[in-house]
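So that you can tell them apart, the chains are marked A, B, C and D in the order they are listed, and the count of residues begins at 1 in each.
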Amino acid sequence: MSEDEINKELARRQRGFGRGERMQKIEKDRVEITSGLRWGETIGSPITMTIINKDWENWKKLMSIYATDKEVEGKMVRPRPGHADLAGALKYGREDLRDILERASARETAARVAVGAVCKRLLAEFAIKVVSMTEEIGGVQAIISKLNAEEIEKESESSPVRCPDKNAEKKMMEAINKAEKSGDTLGGVFSVLVINPPPGLGSHTQWHLRLDGRLAQALMSIPAVKGVEIGEGFVMARKPGSKVHDEIFYETGKGYYRKTNNSGGIEGGISNGENIITRVAMKPLSSLKKPLKSIDMITKKEVSAEVVRADICAVPSAGVIGEAAVAMEIVRAMREKFGGDSLKEMKANFNHYMEEIKNR
Amino acid sequence: MSEDEINKELARRQRGFGRGERMQKIEKDRVEITSGLRWGETIGSPITMTIINKDWENWKKLMSIYATDKEVEGKMVRPRPGHADLAGALKYGREDLRDILERASARETAARVAVGAVCKRLLAEFAIKVVSMTEEIGGVQAIISKLNAEEIEKESESSPVRCPDKNAEKKMMEAINKAEKSGDTLGGVFSVLVINPPPGLGSHTQWHLRLDGRLAQALMSIPAVKGVEIGEGFVMARKPGSKVHDEIFYETGKGYYRKTNNSGGIEGGISNGENIITRVAMKPLSSLKKPLKSIDMITKKEVSAEVVRADICAVPSAGVIGEAAVAMEIVRAMREKFGGDSLKEMKANFNHYMEEIKNR
Amino acid sequence: MSEDEINKELARRQRGFGRGERMQKIEKDRVEITSGLRWGETIGSPITMTIINKDWENWKKLMSIYATDKEVEGKMVRPRPGHADLAGALKYGREDLRDILERASARETAARVAVGAVCKRLLAEFAIKVVSMTEEIGGVQAIISKLNAEEIEKESESSPVRCPDKNAEKKMMEAINKAEKSGDTLGGVFSVLVINPPPGLGSHTQWHLRLDGRLAQALMSIPAVKGVEIGEGFVMARKPGSKVHDEIFYETGKGYYRKTNNSGGIEGGISNGENIITRVAMKPLSSLKKPLKSIDMITKKEVSAEVVRADICAVPSAGVIGEAAVAMEIVRAMREKFGGDSLKEMKANFNHYMEEIKNR
Amino acid sequence: MSEDEINKELARRQRGFGRGERMQKIEKDRVEITSGLRWGETIGSPITMTIINKDWENWKKLMSIYATDKEVEGKMVRPRPGHADLAGALKYGREDLRDILERASARETAARVAVGAVCKRLLAEFAIKVVSMTEEIGGVQAIISKLNAEEIEKESESSPVRCPDKNAEKKMMEAINKAEKSGDTLGGVFSVLVINPPPGLGSHTQWHLRLDGRLAQALMSIPAVKGVEIGEGFVMARKPGSKVHDEIFYETGKGYYRKTNNSGGIEGGISNGENIITRVAMKPLSSLKKPLKSIDMITKKEVSAEVVRADICAVPSAGVIGEAAVAMEIVRAMREKFGGDSLKEMKANFNHYMEEIKNR
């Protein structure tokens, strides 16, 4: 493993039409690894990854760790609707909303992407890939039913909004431009796919072990996410059983397989060997240039919410974060299933199992 | 706490138009508590709850714990699409699908409902309620926008499909009747609400502590669930930021509040004091009278899947299970936030906090 | 797996010179398994084991779950020194000490022994055994240095105090008789051994993964235990390094081995392949026939502590409980290292590893 | 909180007669905090603490993270008895023992001391202190029975071996000097005390919640620790019940208390309000100047173990590490019991409880 592999993912997170100037101006995120690796291999110590904030100089005093830098003036006291600001201030008893919003910032997702990159590196050893694409922005829906996983990956990576449908891509960008002009923000829908997972990840035996539940938590915990589907999700809820369940087929050498994948690769909380498909709804960002109504927490008077520099639309980035969230859970499930304390041992266990189930 | 309170919830789970004869014929589930309570109060030992299966006599040999009862004939070998059958058999290396399907059965949710009833009992001490309703069955959508939480609860409880919209209720029942005739099954959508939660449950500080993520896992782990939304969910992803975020207001004595609740009571992974709203998509049941295509796991020939006695539609029950799943997570978050080792101590901590935030 | 295997362990826990009449009078503990097994094999559902309390009839009202059985009179209010009575009553705000002591009772260890029996059953598949013996009672020390693991097991099982040294056995029984006469109780020291563990259980990479730490928690959590040693323990602390570390040898076919085992089979928090040896100090039981000074929690006056029917010495039983505690941790570490979702798969992974390290 | 408070603890860990030249030569450990604090207060983000290794320049290539720095020569292949070297190499399949020993190094305990300092800072807000002292080195035992907690702390801090008994101190230093001359190492015994804990930490209700078990794991997981006692430990196992249990007294205003503390402040797995006392056995260090017998892992020939620069005796340091380990567990138990999301809220909950139990 190398820093470069992680940097590649960090760069993917920072790309995307709809991000504010900040992203363009500030140099790319780069990771520095200070423990956990020796000569390109993990050795069991924690992998410490530092991402330098290039803008740090401007925040040195405002976010200083030292009590002596404390300033009495300049507190943020007008919570932004949609953000953790108010709920966090109440819970933690803070008087300056900055104490909440700096941690609640989507900046935290850079760390998740870095960790996700490490997980993807492990999955690559088992020929498992995690990819994503934008399906909707601001109500503009892409048409993608005819694409296979490889095409999805290729077309998404070359698109400014990470959408494989060129026609929709254009409309999405127009919608973002329009939102920017009106001081507004946009949300959307992205999907995350696990390509080539083994059958048998997760378990039906206890509810907290179910793979679908674990993926749902991982994805719903991404800031601004308000909905998660596995496979056809809500669409599936509207069709009769005879039309949605994926019939079972078998081919010598290949084993069991499906011709459809409405269930998104998970049945009974267990991966069934088909690609795992998740779909995620992201609300429009909560930091608006034209602020919404709020309350001054000191005076208790009605005011406009704080205005904080921010993006117009972060759906393309969110897909990359979603990949990281999913990769972490898949790795966790792989470790549970296959055990082993070295890559060689884990692979031997994996290969043994994959051979076994071919003939079951 | 008493067994009666738990039995009430177990009965609610067993009701519902669309359940098979089995539910009608077999006597109601009743819990027997054998540890954890003394004179109606918990004393710290595990609360052991047994639900007798009235049909057990017929399964004594087939599901016996004794090796001497083993039968060589009669294995189930034709996995049902949509169920854990195949994925479970591959993962666990079982030759008889019954070893998988008995545990994967929705019967397990009776246990969750029993545990949820205990959790609801604790929440009641803090005037917090968890309710649910059916929003869709087989594509028939209820109109419920004008109802408040009390009406939702009242109307749902008196409806055979747990739907507060009388007009939709009728159409849902027709759809179920039609599906039954064609040997098919139906899914749908239900919502679960937490009424009167305190602000400050969950946390923005670590992704696995976020309340939305935890609720998503709890709900997605219910058998047949394929989608979860918080608040307006996917609808929110299609609107601009200026239209969806819930503006903040304040009133002396009452504290901070909102006039809208699109975010479903959670911002930044933390409850904000408004009712918590989740919406859940349930796929049609996977046990079909007219079975789908499958493979005989011995001969590897194409066959019809096993046919197992089952319901037509379980959405009304699923709402009750959803309440239990949500209640468990809310209790967990309450325990984290308020600590305390007796009800009295927990209440003192709770009241102290609630007073504090009124004037913050 | 069968109930018989578990019953055998439950019976071992109930034996032992020094137990009160209660143990003799009441019939043997027997387990009834109501879930988790089918035809003698686990199928992934929780293994529910019930041990009927033969004395239950006499406690039906006093320990009833029903609020209607509550009695205002007869509270226990004189906490016994050495027990959870006082600390538990303060923590949980209970007015009747019985609410604390019934759960704090060593009766809970029957459950641990039952679970331990299941764990031992799994370990047996890997030719791993967990045994124990009494080393001291009331200051009488056994001499056991010349015995190998098989002899230890054999001699302990046939001894009324589970001590392999016949000479010490006699003196221990005399000490117990003497203590009984004076209304006193005795503690002692027992050791628990894991015979034939694989190298590589536990880990040096994080403190909470270290096998020695995990075994220490498991053993220290047994009621009345006040000290835990790994290998030579405190004796090792008094010798120079040149005298205590176990030199390393190698033999083709056999692999690495030691001629001494002062470190008790664990180095750097990892099992090294030698037998794992733990030694445990148990204080004398806290329920005395001649009670110690205490305080009436109502009147706050000085009184004698409650007198509760109890044993004179439980060290022989405690060894059996220690075996269970250790077996649970070894199984947990085995599951982490070898993964696998069936016995066959876990064994394949285990065998692969054991072959690999022979030639490393 | 400030870096200085943490640096003070790091310095305490580095002191102590018996440490090698390395400690003296290399500058003191100093922490740099890069996240988690703002203006001297925690704000919920992880507290990232970096301790720069002043010797790093000399290890840049040997411990480089880059695959390009890999060297084929110079592998460590002669495992040291007593260390993780061999067990780790087998478990993780590493060919260079350095991949194991760098993480297994006691250097890791600097991190624990830093974390422990943060925990101590929180405990100080509740007037709870964690202190330690050396009781034995190389068989030389201190006599300390007459000292109270304040004297123990004062005398230990001013002693080169952290021993409050001046007479023993001198003999301990002589023993260390003698061991150094013969190329040997020494172990010993230290104790860690929690001064002024509230009653009610930990729980008797589940074995993994018992405070004694949790402290045992925390302490046993410190490198080289082979034994842990609570209160009088093994001594208690040799006395009759009438002589060891701590009788209960009461005084208006003060509440319940004891005149003896043989149980070390924990009964039934719960703190009883008396000082918590633990005693820990540390084996002599495993890195010997006069190496023990080992095997070359390539040739499989008998050789001398690797010789690595190391200390003669680390018992004084180990006490400081023990304080950190204990402080972490006490904080964890305090957080469980008192909840709260700010210091103010946690204190209010704490004070409420402490008032309540005075009159119980």
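Definition applied: a contact is a pair of C-beta atoms (placed from the backbone, for glycine too) under 8 Å apart; a residue touches a chain by one contact, two chains touch by 3 or more.
Not measured: the values here are computed from a predicted model.
Colleague: Can you tell me the least number of steps between chain B and chain D, where a step is a move to a chain it touches?
Modeller: 1
Colleague: With contacts defined as at the top, give the pair, C-D or A-C, that has more of them.
Modeller: Top pair by contacting C-beta pairs is C-D.
Colleague: Taking each chain's centre as the mean position of its Cα atoms, how many Å separate chain B from chain C?
Modeller: 39
Colleague: Distance between chain C and chain D based on Cα centroids, please, to the nearest Å.
Modeller: 26
Colleague: Averaging over Cα atoms per chain, report the distance between chain A and chain C in Å.
Modeller: Chain centroid spacing, chain A to chain C, equals 46 Å.
Colleague: Quick one: which residues in chain C touch 2 or more of the other chains?
Modeller: Correct list: 44-45, 91, 93, 100, 103, 200, 203-205, 337, 341, 345, 356.
Colleague: Over in the complex, which chain D residues touch chain A? Could you list them?
Modeller: The touching residues are 2-3, 33-34, 36-41, 43-45, 50, 63-67, 69-70, 91-94, 98-100, 102-103, 341-342, 344-345.
Colleague: Quick check: in the complex, which residue numbers of chain C touch chain D?
Modeller: That would be residues 79-91, 93, 100, 103-104, 108, 112, 136, 138-139, 179, 182-189, 199-200, 203-205, 207-208, 210, 212-223, 225-234, 236-242, 244-250, 252, 256, 258, 263-264, 266-273, 281-286, 288, 290, 292-295, 297, 300, 302, 305, 325, 337, 356-357, 360 of chain C.
Colleague: Report the residues of chain B in contact with chain D in the complex, numbered from low to high.
Modeller: 44-45, 200, 203-205, 335-341, 345, 348-349, 352-353, 356
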